[in-house]
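Once you scroll down, you'll see the structures, which are given as structure tokens.
Heads up, the next two complexes both have subunit A, just with different partners, subunit B and then subunit C.
Presenting the complex of A and B:
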């Protein structure tokens, strides 16, 4: 099943539940009508939260730049000895 | 799987990487001492003399270890992999960038992970503990994180780093997946891993560090963002 169809069927299920709630009137109608809005807003907030948290915890590796420079120097030395052209480009 | 019989074909597409290709070859040989591998350089007619350097490396390391399979001009990444695959004699294929943003020191981790888990694909991820990125400013990190959250929400891809291109594939799996992928650029990398995930292939991840050395010359402008969104929609509809 194509992924978009999976998402659509999920949406259909959620909508069915919502309509069911409207019919059954367990929650006052005024609240039930607003549920889709709450859902979308929550989804948006969750997304923003994930972006924010991810940004804060974004893994960085400054030491890697240094290690890379060392590796490059080592490689250049070896290759120059062996006659490979490592002039800068 | 009989460890002694595994051979790894490392495909490195190049364009104007005359210095980096030499460095990368040295580092691969340094970190894969007891492994049977070959490096397949797919050069798209670089004007800076990349192919001459590769020939010097062949003299040093052997033409059986370094294969130069060039093309006449810049023809794109996907076709570069397909071209490289035709000449690959290993049962595993590694794809990696030539600009040293992918460090060969992680290759043993990829191999080990695959042997431990029997995975069909091992993909490098920059976004987990143990991995990381250097050289990105806040805006770039924000865009990356936003793009990732969007992709996770919309696609449920099963991997944490969708646009990464440092991966180890079983050769048969790569051949299968690549034949159905039509996108270009980094959307191509996304399409590969999402299609593989949909097909039910066993995918494992290893943390990698990514030192962005071309940052500043690779802009992330509005058109890239539009391409990305179009790619997401395309993947939602077709996978």
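Presenting the complex of A and C:
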């Protein structure tokens, strides 16, 4: 519940800033009307960017993958000796 | 394979950066440029700058609702 309240208060602050900017007319009014949509689009873009960057830098750990395969083979042998059929190959 | 992952990641970053720069140009820089400059030929009229994101958002929301509805229906059918 508290996280939602934090988000809501942030939203209220941003909309208050936007209405204040509309009234004060520092930037031409047509510009100010477009600002919320611009921020939403840029937020979506930022999310996509983070996903892409994370995908590019994802580590694959090849040595650990090899060790894992060895562990799996060892476990299968052990279970087959004890009589349990693991049977995926 | 990690090369495919890296290619997809690069594609995503490239798309997002290009969309961001294009949209920034469209909304922020273009209104300050004179209306008979050549650069206006590369950008659609300004009404589309609002229409396209709104339409995309509506499509996204409806797809999300359809997906949730399908999952709920499938779970109800499985229970019955």
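Note that in this section the second predicted complex is superposed on the first by the 67 of 89 C-alpha atoms of A that agree within 3 Å, B and C clash if a C-alpha of one lies under 4 Å from a C-alpha of the other, contacts with A are read in each partner's own complex, and residues count from 1 in each chain.
The rule we apply is simple: a residue touches a chain if its C-beta (ideal position, glycine included) is under 8 Å from a C-beta of that chain, and two chains touch if they have at least 3 such contacts.
Since the structure is predicted, the reported quantities are computational estimates derived from the model, not experimental observations.
Q: Is A:86 touching the first partner subunit B, the second partner subunit C, both, or neither of them?
A: Only subunit B is touched by A:86; subunit C is not.
Q: Regarding the shared-chain residue A:7, is it in contact with subunit B (first), subunit C (second), both, or neither?
A: Only subunit B is touched by A:7; subunit C is not.
Q: In the superposed arrangement, does A:71 touch subunit B (first), subunit C (second), both or neither?
A: Touch status of A:71: first partner only.
Q: I'd like to know which partner A:60 touches here: subunit B for first, subunit C for second, both or neither.
A: Touch status of A:60: both partners.
Q: Who does A:51 touch here: subunit B (first), subunit C (second), both, or neither?
A: After superposing on A, A:51 lies in contact with both subunit B and subunit C.
Q: For the three-chain arrangement built by superposition, which of subunit B and subunit C touches the greater number of subunit A residues?
A: Subunit A has more residues touched by B than by the other partner.
Q: Taking the stated contact definition, name every residue in subunit A that is touched by subunit B in one complex and by subunit C in the other, in rising order.
A: Common to the two interfaces on subunit A: residues 51, 54-55, 58, 60.
Q: Considering the complex alone, what residue numbers of subunit C touch subunit A?
A: Listed in rising order, the residues of subunit C that touch subunit A are 2, 5-6, 8-17, 19-20, 23-24, 27-28, 31, 49-50, 53-54, 57.
Q: Taking the touch rule as given, give the residues of subunit A at its contact with subunit B in the complex, in rising order.
A: Within the complex, subunit A contacts subunit B at residues 2-4, 7, 47, 50-51, 54-55, 58-62, 64-65, 68, 71-72, 75-76, 78-79, 82-89.
Q: Please give the residue numbers of subunit B that touch subunit A in the complex, ascending.
A: So the residues of subunit B in touch with subunit A come to 16, 18-19, 22-23, 26-27, 48, 52-53, 56-57, 59-60, 100, 103, 105, 126-135, 138, 141-142, 145-146, 148-150, 152-156, 198, 209, 211, 235-239.
Q: For the complex, which residues does subunit A have touching subunit C?
A: Residue list for subunit A touching subunit C: 28, 30-31, 34, 37-38, 40-42, 45-46, 48-49, 51-58, 60.
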